[in-house]
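Look for chain A in each of the two complexes below; its partner is chain B in the first and chain C in the second.
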Partner chain A sequence: MKNEFSVVGKSVPRIDAYDKVTGRARYCRDLKLEGMLHAKLLRSPYPHARVKALDVSRAKSHPAVKAIATIEEVPKVVGYWWNLRTEKGMKKMFMQDNVVRFVGDPVLGVAAEDEDSAEEALSMILVQYEQLPPVFDPVESMKDQTIKIHERGNIAFHVLKEYGDIEKGFREADFVIENRFVTSKQKHATIEPIGSCIADYSPSGKLSVYSSTQLPHWSRMYLAGALGLPSSNVRIIKPYTGGAFGGRCGLIHGLELMCCHLSKKAGRPVKMSFTRKEDFEATEGRHPFLVELRTGFTKEGILTANSIKIVMDVGAYATHYIGVIADALSTGVGLYRIPHVKFEGYCVYTNKSLNGAFRGYGNPQMNFAQESQMDIVAEKLGMDPIELRLKNYRGAGEIDPVFNEKILSCGLKECLFQGAEKIRWKKKSRRSSRRGKIRKGVGMSCLMHGTGARFGLPDPASAIVLINADGSVSLETAAADDGQGNKTGLVQIAAEELGIDWRKISVSDTDTDTTPLDGGTHGSRQTYCGGIAVRKAAAQAKKSVLVFASKHLNTPQNRLDIREGVIYDTKRPSLNISLADLMRKIQIEDLSLCEQIIGAATGVAPSMPPTYGAHFAEVEVDTETGGVRVLRLVGAFDVGKAINPAHIEGQIAGGEVMGIGYALTEGLVIENGKVMNSNFADYRIPRSCDIPRIDAVIVESHEPTGPFGAKGIGEATMIGTASAIANAIYDAVGVRMKELPITQEKILVALQSFNPP
Partner chain B sequence: MKPFFKPKAYFRPGSLGKAVELLSNFGDRAKVLAGGTDLLVQKPSGAECLIDIADLGLEYIKEHENGVEIGAATTVRSIGVSGSLSSEPYLVLRDAACALGTPTIRNMATIGGNICNASPAADLPLALMVLGASLTIMGPAGKREVNIGEFFENIGGKNIQADELLLSINIPASRGRCGTSFQKLRHHQTSIDIAIVNVAARMTCEKQACVKASIALGAVAPTPIYARKAEALLGKKRPNAAIIQEAASAASEEVNPIDDVRGSKWYRKKMAAVLVRRALEESSRRCGIWPE
Partner chain C sequence: MARVNIKIKVNGKLQELGVEAHETLLDTLRERLGLLAAKYGCGDGECGACTVLVEGNATLSCLTLAAHVDGKDIETIEGLEQGSHLHPLQESFVEQGAIQCGYCTPGMIMSAKALLDKDADPSEEKVRRAISNNLCRCTGYEKPVKAILEAARRMRGEK
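For the complex of A and B:
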């Protein structure tokens, strides 16, 4: 099977590596347009207030100020591409009022000749606020009848789903356990801060926007809708991007639309780049969850019932809330074969900066609760946690109840076996070493995560393959590469399908004027969804090539194939012509033809196959300080087929590191609406020197619907790390940490070596 | 905070005389630039010009019969790897240097900057305090000596004027057998964090008894402090677990930490006791009188 492929399954270098390593790659922040202005936002100092009056007269007279656009003129964009399905839904995306709902909510934007002047102008603006009472805690917000963050109330969304008969499930159980888990507001902490764009609104009615968005085509539609322009007049150009992780999965609150308005007013291009502080304080983060689980199971370790109740903190505006809670549902109901499940979720507004898409969507939160709960179940039964999972997981051939679809590929068992082997699960003397001041422990967790969004959201992908006269290929796709390398993966897929050298293929820039509809880079979807489109387009191009070749070589088309750029007769290989020679003939030489080969594909992927995985962690806990050191991590993932194994390993390493942060250190501290740790000194992500040995295990189950068997990977790699670390901490010191991040101080309190105040 | 720091002028004098002249000309409007790992992060608004001390020959570690002299511009990395500091009583300084920041920070950061920045959580001053170091400071009126214990005043305050330059740090040689230790607890357990509590200790021993103990703590008061009561409890005895625990508890009563995002007052106090105990255990081990 393996040797069948020429380039799929090989770790070819990144096509963008040279530009990035040599500094040639230009990110949005590096770009300059002729006559460009610089914009800055005036942000609310209050968590909840009405803007009663704005005096911009002094700022307007500042010689360098060219335009001011206020909260009364620029709508806020809420919701996501679900809304695009209907005109009514789309209208709901644009909110306009004069209320600010979190500290940092934009009140107005100023565009000036330079950043310093823009900032100076901000200090000349007088705002009269009417302060409104704020509410910060989602549980309080749910109950509160007096404080309304939005007109329709503080509950943005409520969901109740029942599978089977939950009461029957509890009756069938020998044991029932109940636990409550709390997760934190993690920030994407991308290497390039979130929030940078240039809008160039030409008086002719054409709008060009440079934005490091994950969703070029959806962003185009959002902006077209907000500004009343035909989509064809809006062009989104995505430069190189320094990481996204969901943080750029939509328009950025206060950014693109503000720049468009300012540019329209000023008649010049306008650039705005958020500082890291603004990124921390006023862009989306991961939704904090409060999860209550009640789980029933038999003596034999068979799960019979699970009641899941979630309160999710949406923040001040709702963007990705429904999808996020749906992902929690999908993992809470789909991963294990539990006959009776009740799932209830509340998405609640609070006067804090908004939450949105973030690697894993609602899965890491749910996984932390669920996989901690599984560990508690295993302990109660005296059963090996791996064995408990093996008894209960849903495998290939079974129906996923949430998507109501048959699971076609599932390598979870191999992930568990190979991961356990790598970390030497059996040999690590679990529990027995609970002596001494420094104690070691091991823990594990499982996960599944759907690839793409087909069963919940519009999820298109498209590709165009153009074969040039010299046999080289231009691939046109809007599949945005945020740094994960998916453009390289798509090149490999096209090269494999076409039978040519991958170096002969170049990929277009990500530009909505030249690339067809794409659902964006999110949901671990581009290798799968984008890959399917690219493979189809390449197959179509190949077919056209073979039609010409068949005539030229005078041999039936079904006997022809292409390998290493040579079209040959499979029965008589000496009968052949190079792709370049044939292309030159039909495109240039034959004056009666002059035809370029174009393959095009568009549409939705046939499925949403889950990626499976298992995390293993070994930690050391200092019982006197509560300090945790992660000694080792193993991540084993079923990716269907590794198109580029080095990319998968990169995702596993990166995801595990992000997971260490989620487990131990990351989380915005918000006091009275103010972010207390809006910098990397106090908001701590792990550094290279904090990273333990990480082993990546790749399992290939072959997904029949995927391109060459592939499915997603990006998000899965961080989903269960925190759960595995929490379980390892329990194994080491016997305290169950139910709240993220697990700081040393919290562990110490839990250890009760001391009495907290 | 402005993303960029744009002082109007930058000087890199080649002699001490020139440096002091520049400092007295500019006064408050000038800032001494060493490694810049504090200064360029703080971006002080009043700093119109920077005076870089890289060319003043202040980067050295000299051993002499009365001890060791370290130039103010010596990097933290050089201190961490120095052969001159690889035996007692200097291990406390070496260990503190190795615990400061990350390799990239240590390559730039200087000992002088660490002292003059006067952060209550700084690592090297604690080591210098238990070593009884003195500082040589030069100003328009010439040189003066200050004991490190008298250098820090209030939070961020220090016994050095805007027109003065720290030249060197002088550590006296030890009389008698010594054991030292440096302990640090970071806020998030990641390598780059500054301390939420740090402790330096030193014991001087005769035969099996401790004849003198010195304990300094950081990040638990507006300035680095000596734990005088704890020190007194150790005097002239052979340390055992009970004595060390008693001293550790006493030290945690001498501190007055704050509550902030990095740690609660409660936790810092508890940790002060744990770290002092560990520092005393290691010091007595390095003295050869532990375990009992």
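For the complex of A and C:
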């Protein structure tokens, strides 16, 4: 197909590539401010305890120590931007007490002239703890009436939703199957560890915080609310960020607020950077799910009923939790046309480090359960797993019951067909002889994932387009780029709309003082939500340009357009003026005008279009060792329109590889509240040698509400990888692995009980 | 605390420094010389974000004491550009879209350079092995591997 666009759809290089490839890019950890102090946290050695007494006198007399702030002074964040909507919500957003609820929960922070002194001072502090009984298992925690992790009990949230009549659905079924699935606590494991910031609290009341947050504007409001400052006095500056994936989707437990308090006390900037161990032990991870699924279906392969019960381990504090369990509805309810569904979920506190946002939110967990279940259904019916999906998926034109919205674009069928062809599904599926030491198999899964958050949360996006006197353009947006490349994508969208060279556009730094309200980088939303705002702002700027051009060229405005930086009459192209010439005239040359062209847009996106996708995996299982080698992955995704295909390929490969980790190796091991694998030797993320060939298939269904047809991609790419790998393992060796990660040991145990010697 | 005087060549420039006996090369580069491209990722030698070249060998600077590299030749990514010309590895990483967050990039490129300086025509398998100590959470290694193979072709003078 001919590309009707000049720069949309082209793999232009990233705008930050030069900085990053020369080592010039500065991340939070690289920054230094004049007079800056360094902070360290004293963390609890107990999973549950009350701090009875603190003796900080010796530490205070350490000559390098400039400030100490304790658990009783610094609030903890127990909410997210949903809370910002009301006064009452804001009050519930923070809590303050003297109880520590997991091993690693901060007790106090010390700011000193250097890190070593801060560390030394920590050893001079005496803490008297009253140990409280802990509870680690969420199911036990739900039932336990004696141990209360929080005042209002251990169930943070309970949801029960029914669609149709579940009993009727089961009556209509020829078969009913029941299975239980368990998922792990995956860590974001960004290569720049989570947790680095500098707070500079000026005595004048202005607070500047350098932070690699995904949510500059929400973080600003959180801090303003917690510290009683007007938002205008709080400035969040986001330097380059070494990966986020949801791990920086809010204030970090024990980080920014602590630094603000310390900086206020000391009257100097305070920097704190967590070690890798602190990141593993005390920052958010992916919520482990326990999913009980009961699914009814007819002998023709039509799903009639799905009963879903989820127990979700929130950890010690709840930040992101309601939204996470709600996202399980995407695969659980939205993806397939199941008339009768019962969805029940419990978000439960335990005395373990907290869980929060992570690529896919609650969707990868639910996907593992649902898509394994679909494979079991297909097996039971002797039906091809793809055929089963084709019979049941909800397509364009249908109403998505979760958002109660019509689906306007759905390329799932193309994803299935193209992905199947790439991996040669027909030749390989259900062909394993299940004999011999090494056995091969293939598996697949489907997914859908909404773009953005408008149906659940405040979800604004804004942009300002300034056309300068030389025809170059400054784009002001708070769309945080954590490495995905969304800023480059936004430049392409602005360039396409304006009709100018993308190289003439520069994007502002992510700084809340100079950029308008934005909902942050999460929910695969920036290309779509940010892109809509940027396109609107650019369109407005273009319109203003054409008003001036019409006067200048003495031709009707509706006959004018801009291409390659030249404004021209579409009926008579020889009548034209370059954007640069016109801008110089109206902004500088004509003393009676002196007007800059400014386009601005703000608001919420019109929809939350689902991205669809299909994952295919081919694996090899060594039946003697239980070892799994992933031989090949294919990820096919309907992205609406690929604004920058290379970026999308990058997302697909990165997501698939993160999914390999989720499937086979990744999960924090926590024993009696202590994390046993807080380093990369024991917590294994995939390395370059572990990676098979990965094929990225891009399907473009054109989303009518999206900028040039685009919708999200970031999260979708890892949502179904683990499911596809688990199904491939089953295909290879005939054992159904229902617990992540699928380690060698688990496979060996399963094979032994399957094939008794 | 014990201090040690060392002479090292960093990106071709001789540096005479007094360092702590327990100081890592990563700290020396970052704190004393202001060379911030080599990153802290784990401090345990497990992620490779701190990789620099010592006498041409890819070395984990977080596990290397500065005192131990006395008299040695150190290269960091800051020294790769020749004038305003990017090194073929840098060029190729930009063009192939092999960079996302960029935090692992300096270490990964230095590991790749150590390989290409010794082996002008490595197999893909060799490339994967050369960067197997450089963890990346964004790219899935697909594009970096392609970029390194492409850079090797360019350095051999092939189109």
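Throughout what follows, the second predicted complex is superposed on the first by the 747 of 757 C-alpha atoms of A that agree within 3 Å, B and C clash if a C-alpha of one lies under 4 Å from a C-alpha of the other, contacts with A are read in each partner's own complex, and residues count from 1 in each chain.
The definition used in the following text is that a contact is a pair of C-beta atoms (placed from the backbone, for glycine too) under 8 Å apart; a residue touches a chain by one contact, two chains touch by 3 or more.
Keep in mind that this is a model prediction, so the values were computed, not measured.
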First, second, both or neither for A:Cys689, with chain B first and chain C second: both
Touching partner for A:Val21 - first (chain B), second (chain C), both, neither: second
Dominant toucher of chain A (residue count), chain B or chain C: C
Chain B versus chain C as contact partner of A:Thr275, first or second or both or neither: both
Which of chain B and chain C A:Val669 touches, first, second, both or neither: first
Touching partner for A:Arg29 - first (chain B), second (chain C), both, neither: second
Partner chain(s) touched by A:Thr241 [first = chain B, second = chain C, both, neither]: second
Touched partner set for A:Pro63, first chain B, second chain C, both or neither: neither
Partner chain(s) touched by A:Val657 [first = chain B, second = chain C, both, neither]: second
Chain B and chain C contact sites that coincide on chain A, given as residue numbers: 275, 681, 685, 687, 689
Chain A-facing residues of chain C, complex: 30, 35-44, 46-47, 49, 76-78, 80-81, 86, 90, 93-97, 99-106, 109, 128-129, 131-145
Chain A residues within the chain B interface of the complex: 275, 277, 624-625, 627-629, 664-665, 669, 676-677, 681-682, 684-687, 689-690, 743-745, 748, 754, 756-757
Chain B to chain A touching residues, read off their complex: 1, 3, 102-103, 185, 187-194, 261-264, 266-267, 270-271, 274
In the complex, chain A residues that touch chain C: 11, 13-14, 16-27, 29-30, 188-193, 240-245, 273, 275-276, 482-485, 646-647, 649-650, 652-658, 679-681, 685, 687-689, 691, 694
